[in-house]
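Common to both upcoming complexes is chain A, partnered first by chain B, then by chain C.
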Partner chain A sequence: MNKKTVLFFIISLIIGVCVFIFALTVGKYEISMSDFFKAVFTADESVATQRSIILNLRLPRTIIAALTGIGLSISGLLYQEIFQNKLVSPDLLGVSSGSAVGAAVAILLGFSSAIISLLSFCLGIVTVLITLILSRQFKNGKSITLILAGIIVGGFMSAALSMIKYFADPMTTLSTITYWLMGSFENSIMKKVYILLPIVLVCCIVLITISWRINVVALGQEEAQTKGINYKFYQLLIIGIATLLTASTVAFSGTISWIGLVVPHLVRLIVGRDTRRTIPLCITFGGIFMMLVDIFSRTFTSQELPVSAVTGLFGTVIFVVILLIRRRDYNVH
Partner chain B sequence: MSINVQHLSYKYPSGKDDVIKNLNLSIKDGTITVFLGLNGCGKTTFIKLLAGLLKADSGEILYADKKVSGLSMKERSKIFAYVPQKTYSADDYFVKDYLTYGFINSLKFYQTPSSEQLDKVQTISERLSITHLLTKKMGQISGGERQIVSIASCLLQDTPIILLDEPTSALDLKNQNIVLSLLREITKEGKTIILSSHNPNHALFLESNVVLMDKGTIIKQGLCKEIIKVEVLKEIYGENICYSENLNYKEISFQ
Partner chain C sequence: MRKILVFILTIIMAMGVCSTFTACNSGGNTEETVTVTDMVGDTRTIKKNPSKVACSRSTYDLLVAFGLADKIDGVDKKLLDNPWTAVFYPESVNHYRYEYEDSYETYLSRGVDLVFCPEKRIADDLTAHGINAISVNLYGTPTFDHRLTFFSELITKIWDGDDVKQKSDVWNTKIRQAVSEIQSTLTENNVPKEKLFYVRGDKDKGIGYTDTKGSFVEYAYRVLGFDSMSAILETNSNRPSAESICEYNPDVFVMGGIYQNKHVTDIKTTAPYTTLDSVKNNRIYTIPMGLTQMEQLNALSPEFFYDQANRLHPTLFNYNVSGMLKTSVKEYFGTDLTDEQIGYMLNGLSPNGGNLY
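Moving on to the complex of A and B:
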């Protein structure tokens, strides 16, 4: 990491901690800073209600939001690098569509929240596996066939989701499915944190370890292979990590759009394309972005706003600003 | 340590005919070999087979009497460095970063280039007069500069053989001269250069060995002065080919 990256990483980390603390204090039940510190660092019984709200409701919710932001930002960045296309999202190989079908089936059959998450996660992974198997049938080993297979399988899953929604009861299950598809951190509990945290942590450690190599993989198959990289292995590893991150976050929070596109672009605008610099900043920026979105979604109106609607509103505006700043670059090429 | 190609054949999965047909060839160490021929004659395919980007249907490639077909890409990248025709996916990388990627086959998966290796980047850049490009992005430099940077990356990869797929195809005359002069200089250090080209004058300039290809087979091979003759080239390029020799230059052109 160069000095600029270290500086931005430290600044964003400090901002991230501030936003995290702020997220624990704001909401329908306002908690003052003095009450917050008393509730967290003392056993004072006068702030028992505040402590319960912070530890049981807001802490898991904020952690899940931050982890979701990290997971989706990094997987967006990885897909964009691997497929050499800055406009692809984490759903390129159908993972979100598959997860959505898994969750919709579980909701339709009346399963519990845990089973909804499990089925959503499993079907997200299975969808990407089907995409990989289908692309192999074309036998030309090119990235474009993988993208094509992703579009086909993703399209199939979207059609399946439409069918499920058609058969769902409009008064009960359909609204639940629709609400799930719009993304929410409302049902976050510490048990989900204990599952999601190690997944995101391990994925981040692996990615930071191989971050320099990802640059070479991003040069494309010809150059990467002749420079001595086992391209297919790294391509599969990176797709595997991106899929795991997307499927696990979507399973707990529903489908959330735009963040996987906006955060990598924002980070690249600041530190360039080198993944040694972009991955650490995607972690901090992605976490901050999603925590802010969560704060907004639960405080802007008396009713909670769907997360995907908020990421879409902010994401599109930020994306336009990035495009305007980088206008000159896009004109050159 | 020479390259020996024995009965090499290759057909693209989607194609009907062999693009490379029972090719036999020997390339000596420390030489420049230029592959000439029309579009689709198999030049690029042959270079890709050497680089390991394509897998031959039959036949063998031997280097120092050892088969290279069983080698992993990492082992192979210690023998062959490759300069593709286009490197557009590197546009957003800084030249200094791109050059370091030449070291990847000598590093473990968790390692990044050492300070010694970074010094080597500086040394090679000074030698090839590209230090002023190091802080620029690959997309901001000219086509000629880009080819020199790619060749510099191959030198940092430190392989005995450098493969170049039409390295001058997108360059103006001045940049063609710079790149070809650089290749001639590198060969003096003992490197083996294999390149494909559409221009027989490049072979004349490099005073190289020439392999003339047509429809996947070798029509003629030998020293440039034996092959770059009007009657030989007419077989490939047609009747309008002519050759002029003056005090200062030799040139193949069309009438």
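Moving on to the complex of A and C:
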């Protein structure tokens, strides 16, 4: 990492910690700073409700939001690098569509939220496996066949989701499926944190460790092989990690759009394309972005706003700003 | 050539004769119509005294109670899935099971005269396809205050029989009397207003699922001397967050619907609700179940008011709700309920004492 990256990483880390603490202090339930400190650092019974709100509602959802932001941002970055396409999102190989089908089936069958998450995760992974198997049938080893297979399988899963929604009861399950698809951190609990945290942590450590190899794999098969890199293995490993991150975050928070597209672009704008620099910044920027989105979605109305709607609103505006900043680059090319 | 001309002339004459007959028939088949304003404010002209009606969930029991069961072709299947429906009105098993939003062809093939729709969108859609349809949406804008007897009166405009009119009048008087009695007692005793949160339990959507502003529930609990959180929510908002509910800090929680008993257990074990005084002091109440959940306007709404008055203000009211329910169910549906069944109703359980979900 160069000095600029280190500087941005440290600044964004400090901002991230501040946003995290801020997220614990704000919400529909007004908690004064004195009550906040009393609730967190003492066992005073007079602030039992405040303590419960901070520890049981705000803490798990803020951690889940940060982890989701990290997961989706990194996953978007990885897909964009591997497929050498800056407009690729984490849903490229159909993982979100598959997860959505899994969740919708579980909701339709009346399963608990734990089973909804499990089925969503499993079907997200299975969908990507189907995409990989389908792409193998073309036998040309090119990235474009993988993208095409992803579009086909993703399209199939979207159609399946439409069928499930059609058969869902409009008064009960349909609205639940619709809400799930819009994304929410409302049902976050510490148990989910204990599952998601190790997944994201391990994935981040592995990615930072192999980040220079990702740079080489991003150059294409021929370049990678001349540098002695096992292209196929690393391509599969990176896709596997990106899929794991997307499927696990979607399973707990529903489908959340734009973040996987916007954050990697924002980070590249600051430190360039080198993944040794972009991955650490995607971690801090992704976490901050999603924590801010969560604060916005739960603070201003009595009923929470869907996360995907808020990421869409912010994401599109940020994306336009990025494009305006980089228009000179695009004009040159 | 001549043969062709004769053939064409014959065809034209035959068509002319057919057209004349058709015109005569349609002219002679004038059916009596009535123009009504439905519950969303749309004016619709429909056939008077329809003999084959498709019902939404909220319209079925009042039609049966007013002696119009023989005019009902079918009802939303969810209502027929409620085990209490067959207990209250055993003949309900003969009614057709409609979907919440069924196809035009289903209504046309069954030859219904009128469809009571739960949403304006559905009613508009059916009307555009030539099917008589009106909206019966049990919500008021901005409040339900003037809607209490709206559907009951609407029924008498559509069916003009004396018997229907008399039954409607009796029911209207009964519900107005219930409201008036409770309000006067509360005023006389200067009962301070408390804050209430209603948990809507027709679906398992957790503690934070409630009814919207303008609902019958919001009106009912205002009558019963409470400020309901539904009244301060944004329009169409019915899922306030746990933080919003804690911020509102209700003095009382009321659980309704088929999931009510599950929600009572949930609220007593789920943080941060467990820290609220209302939960600590066990000020959690439930609503009886019937052919429909009783916190929605239905034939037994007067009894709903009396029951909730008993539960929420036990020092002021002591109505014999069990007796009232027995009498009303017998009067409206012709069924004698046992004491055990009444007990299950009051506890939000199924006719055999199990959970309804």
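As a working rule, the second predicted complex is superposed on the first by the 333 of 333 C-alpha atoms of A that agree within 3 Å, B and C clash if a C-alpha of one lies under 4 Å from a C-alpha of the other, contacts with A are read in each partner's own complex, and residues count from 1 in each chain.
The rule we apply is simple: contacts are C-beta pairs under 8 Å (C-beta built on N, C-alpha and C of every residue); 3 or more make two chains touch, one makes a residue touch a chain.
Keep in mind it's a predicted model, so treat the numbers as computed, not measured.
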>> After the alignment on chain A, I want to confirm one thing: do chain B and chain C clash, or do they fit together?
In response: fit
> Is A:Glu30 contacted by the first partner chain B, the second partner chain C, both or neither?
Replying inline: second
> Should A:Gly272 be classified as contacting the first partner (chain B), the second (chain C), both, or neither?
Replying inline: first
>> Looking at A:Trp212, would you say it contacts chain B, chain C, both, or neither? Reply first, second, both or neither.
In response: first
> Should A:Glu186 be classified as contacting the first partner (chain B), the second (chain C), both, or neither?
Replying inline: second
>> Between chain B and chain C, whom does A:Gln225 touch in the aligned arrangement: first, second, both, or neither?
In response: first
>> Looking at A:Ser46, would you say it contacts chain B, chain C, both, or neither? Reply first, second, both or neither.
In response: neither
> By residue count, is chain A touched more by chain B or by chain C?
Replying inline: B
> Is A:Ser302 touching the first partner chain B, the second partner chain C, both, or neither of them?
Replying inline: second
> Shortest C-alpha to C-alpha distance from chain B to chain C once the two structures are superposed, in angstrom?
Replying inline: 45
>> Could you list, by residue number, the parts of chain B that touch chain A in their complex?
In response: 13-14, 51-53, 72-74, 76-78, 80-82, 84, 87, 89-94, 97, 101-102, 104-105, 109-110, 112, 139, 157
> Inside the complex, what are the residues of chain C that reach chain A?
Replying inline: 78, 100-101, 203, 205, 232-234, 237-244, 246-247, 271-272, 274-276
> Which of the residues in chain A end up touching chain B in this complex?
Replying inline: 84, 139-140, 209-210, 212-213, 215-216, 218-223, 225-231, 268, 272-274, 276, 332-333
>> Taking the touch rule as given, give the residues of chain A at its contact with chain C in the complex, in rising order.
In response: 27-30, 48-49, 51-53, 55-57, 169-172, 176, 186, 298, 301-304
